[in-house]
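Consider the two complexes below, in which chain A is the common component and chain B and chain C are the respective partners.
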Partner chain A sequence: MTQQVTLNIDGALIRAAKGTSVLDAALDFGICIPHLCHVSNIEDIGSCRLCIVENIVNGRSKITTSCTLLVQDDMMILSNTDKIRRLRHNIAELLVSEAPNSRAMQDIALRCGVEETRYSFRNNDCILCGRCVRACTGEFGVKPLGFVGRGKDRRVEAPFNLRSKLCNECGRCIDLCPMVMPACDGPMETGKERLCGNCESKLSDTDLTLGYCVGCYFGEGIQCQRSPINV
Partner chain B sequence: MQNTNLDSILESRRSQPHQLIEVLQDIQEQHGYISEETMATVSEELGVPLMDVYSVASFYKSFSLKPRGKNVITICTGTACHVRGAKLIVNQANAQLDVAPGETTDDGQFTIEHVNCVGACALAPVVTENGSYHHHMDSGKLRKLIKSLESKDTEENSND
Partner chain C sequence: MTKINTVNDLENLRNKILEDREKFRATLVICGGTGCQASRAGGVIDEIKKELDNHGLNESVCLRTTGCHGFCEQGPLIVIEPDNLFYCHVTPDDVHEIITKTILNNEIVERLLYTDPVSGNLIKTESEIPFYKAQDRQILTQNRQVDPCSIEDYIAIGGYTALGKTLFEMSPESVVQEIMDSELRGRGGGGFPTGLKWAECREAPGDEKYVICNADEGDPGAYMDRCVLEGNPHLVLEGMLIGAWAIGASQGHIYVRNEYPLAVDNIRVAVQQARESGLLGDGILGSKFSFDVEISRGGGAFVCGESTALMASLEGKVGEPKPKDVHTVIDGLWHKPTTLNNVETWANVPAIMKNGSSAFAAKGSKGSKGTKILALTGCIKNTGLVEVEMGTPIKNIVFDIGGGANNEKPVKAVQTGGPSGGCLPVEKFDLPVDFDELYDAGSMIGSGGMVVMDEETCMVDVAKYFLTFLQDESCGKCVPCRIGVSRMLEIVTDITEGRGKLEQINLLEELGDTLSHTALCGLGKTAANPVLSTLRYFREEYEIHIEEKKCPAGVCQELITYAIDPESCTFCGLCKKACPHNAITGEKKQAHEIDLGLCIKCGICRSECKFESIIIN
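== the complex of A and B ==
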């Protein structure tokens, strides 16, 4: 039998199986911690940093990504404090300026309260969340896709940039990519890029029902900051 | 010749994925760079997916994926060296050899590279030339260094 632990997330006592991540436990309970690179049932690498929470240990708060933090008995997690919101705001700002031409990124920024960015738009096609890399199983479990280079030269590529024979064309990488849904021309008019937030994507439906989580799953887990507890 | 060489490097390391970095280091040292074919062979022999070999090889600055010149000049552009004028040295090298960092001269004699800190900050700015360190460099010293390497090469050639 799997061992159960009890932890406290934003004041709610939650029971979760040992070995699950704090993020999963929170999402199962209905606390939407915004996240981007996390995809359920796939190992997490914590690359987007959006899912940060405060973990209170001996009265001191540590900021960590909840997707890579495993649940433990008597944990104290705060996912929606001023500090977290401020930090998350900045992370979302950085992410959206990296790739404002994705609707998912525009929506995430909006949900984290970013209305304008202090950074210049880079219009990249990839934000290195690594969803595709981790979801890819390839033929015989050998991946045809991975991270190449490091630092600012890091990118997702197949070996030598050739399409590999190992790709079995399942299309999972494309399904999970937050970049596949381009933002409409409005905010992305060349030379006049801006953050808009008026997209009619599925995400925006929740704006009509204030404070109520409609359980949308746009992009399978690019979540909003709205949770029943914030009301 | 390269193949026998590769064989001896891989000898007794076959099917041991954890040997990847050591094997790549030896290849780098003996061939001067890691070619796509060698990566494919390494991947097969060690049982590591080609993707992982490529990721590792492209991650570390000390592995080069392109053939390098006979003389490799590595200019440190780490914090300490930057502050003490690494930029000027890079410019000097660029102008003198007419190649950008990371590239090799057309005659295959020189490759310029830059790294972030070689761990000798007290001696900044540092330039390493084929593995030997030169401290407190400035553009004048670098010019002389390159000149001497050039003349050494022509001497060797005329002796042949």
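== the complex of A and C ==
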């Protein structure tokens, strides 16, 4: 049997198997920490930074991403403090202003309290969460998808920008892409950096029970793997 | 090369080398560092060889080509031992005179002496030059004493004796303890206590461990690691050997950027020599200790200096940082316990072992011991590589070593620590070079870059420069760094181009705070420092840019216009001829005018004008 540890997340004592990430432990328990790049059963890289939590070590708070932090006995995790909410809000604001017409980004942003961004909109098709790159296996374990370029030139590409023969057309990359949902037609205009009300309408439930999963649907496919039925 | 099998062999070899050298009555030390090579030291060296041959002096005069002496702007440099006569700006044509006059007749060639720009006096020896006098050159002195490609030179000055001492007189634990007691802190930027790092790595489970030397040095303007590796590679090797023995590692890596070809060459030669003499390999100096070093060349990405990115790069993967929830001293290169230290950190180790931790800790300030090498550049009279005791006030460095402002414009600020550091105003020049004090002031020592700025530097433009650098060098993996930095740059660009809004200043601060808390690696965490520190000390410059749409320093092109001052203009027509866009009109002896519609604000007219008649509004 795998070893179990007990940790404290937002006041709840949670048992989890050693080797699990704090994010997975929280999600399993029903504490829905916002996340984007995390996909269950795929190696986490901690790139979106939405899943940040405060890890209290010797009375000092350290901010880290919960998807890359492994559970340990007697850990003290706070996922929903004012500080975390403020930082997460700012990250979500950065994210959604890159792809304001994406429903997934809007959902995330609204959940994190962003209704308006202070940046001009850039209508990117890809927000570089890297889900596709990490999910891609390809033939013989050779990945036909990868990141190319550095910094602002970073992009996802197949070798030489050609569909590789090694692609086994499993479609995982498309399934996991947060950008493939039909685009939201509301908020794309630069100069009106407001998110449309469509996704916002779902926000009221969570505002009342911050941090706890109430089976709110809008994580579907992108955030929570918990469907409302088995909550 | 003779094999050195025991500590005795080493001692005998050293005595023999020293004995052989007694025949030399003078030594011509010529700097062959990258800086001096750029000013054609190569030609001087060839000429010296020829002249020594011609005069049959090969048996009595020693020629030593060394690494960087630090005073690159005066290069090529020659120091003539034993009197330490100092000649600068030497050309191949001067060599004949140096040999015939100075070497053969003990006469001084006055034309080649250094003139102190502050007092105007001619100065004969290196130690009397203010630039050197105000320094405390513990590590850099050796650069002058050794030819980097000669292990004999290094052995002659007592090289590898510290290794002998550690291997046979100390246990690994006591070596770690000695480093802890010395309170040595990492010179690579973070200032992490080296002893603590070694202890954790030593105690980490696993029989295979690694030591790595970080010679990636990507900060713009910084070149101390290059000079140490280039000028004294055996010192770094000896430090790594001692560290490896203390930690229990048998394999080391040197990660050096490929843009440092001379450093790559010299460390290669050094490793080869050390292998041939048995100082690398199995059973070093007859002990049970085995160690070897591999040299890896980095492609020159700034982010590859970050520990996890560097290790990924060494493993042949993309050089991107990873979350460090488990430290690299436990899970590092190939998932093995790994100790990564900076070039200068390693270079400090042999002296600590030789002279004891207390001698090292006697120098420096409360929390920062020893000396630090800094790359001093900018608007000052003397620029170059300087080494000072930790705790030295910034003003001593800028005004004593640097000689103060290099024109009538007063010094306004100093930028320390490169893209992760910040700008400190003149009022803060009493601050010491100390890890904690500079950090509290919103800057940091970083790897040791120090750029002095005068009134003609626009602080908003400085912030923009570093943001541009960071945007290019960010790996792009995490959101706060990739998007946050580009948004900050967007805002700062707006400010420098007259589109800024006052509330954006707060947004910059908030974004900076977000970055420092949430970015994945040190690059993103510190990326906002240039902006935050300029906002802290030069907020009014941002406000003037935004409210008055003016650039007080006259740098931001969108906010300035050029005009001709009719009072001082002599109508010589130079500016008119120089203007690439024919924006200047006016006949000879008649008033000249700039057509602002055509002017691209390149500033060429201003640098051409001999009467300072081109003014910036």
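A few points about this structure:
Criterion: the second predicted complex is superposed on the first by the 190 of 231 C-alpha atoms of A that agree within 3 Å, B and C clash if a C-alpha of one lies under 4 Å from a C-alpha of the other, contacts with A are read in each partner's own complex, and residues count from 1 in each chain.
Note that contacts are C-beta pairs under 8 Å (C-beta built on N, C-alpha and C of every residue); 3 or more make two chains touch, one makes a residue touch a chain.
Note that the structure is a prediction, hence the values are computed from the model and not measured.
When the two structures are aligned on the shared chain, A:102 is found in touch with neither chain B nor chain C.
Of the two partner chains, neither chain B nor chain C is touched by A:66. Which of chain B and chain C touches more residues of chain A is settled by the count: it is C.
Contact with chain B, but none with chain C, is seen for A:144 once the two complexes are overlaid on the shared chain.
In the superposed pair of complexes, A:79 makes contact with neither chain B nor chain C. When the two structures are aligned on the shared chain, A:160 is found in touch with chain B, with no touch to chain C. When the two complexes are superposed on chain A, the residues of chain A that touch both chain B and chain C are 147, 149-150. Contact residues of chain B toward chain A in the complex are 36, 39, 49-55, 58-59. Chain contact summary for the complex, chain C toward chain A: residues 301, 303, 318, 322-323, 325, 471-480, 482-484, 486-487, 490, 507, 510-511, 514, 517-520.
Within the complex formed with chain C, the chain A residues making contact are 45-50, 52, 63-65, 68-70, 83, 87, 90-91, 94-95, 97-98, 118-120, 128, 130, 147, 149-154. Contacts from chain A toward chain B in the complex involve residues 142-150, 158-160, 164.
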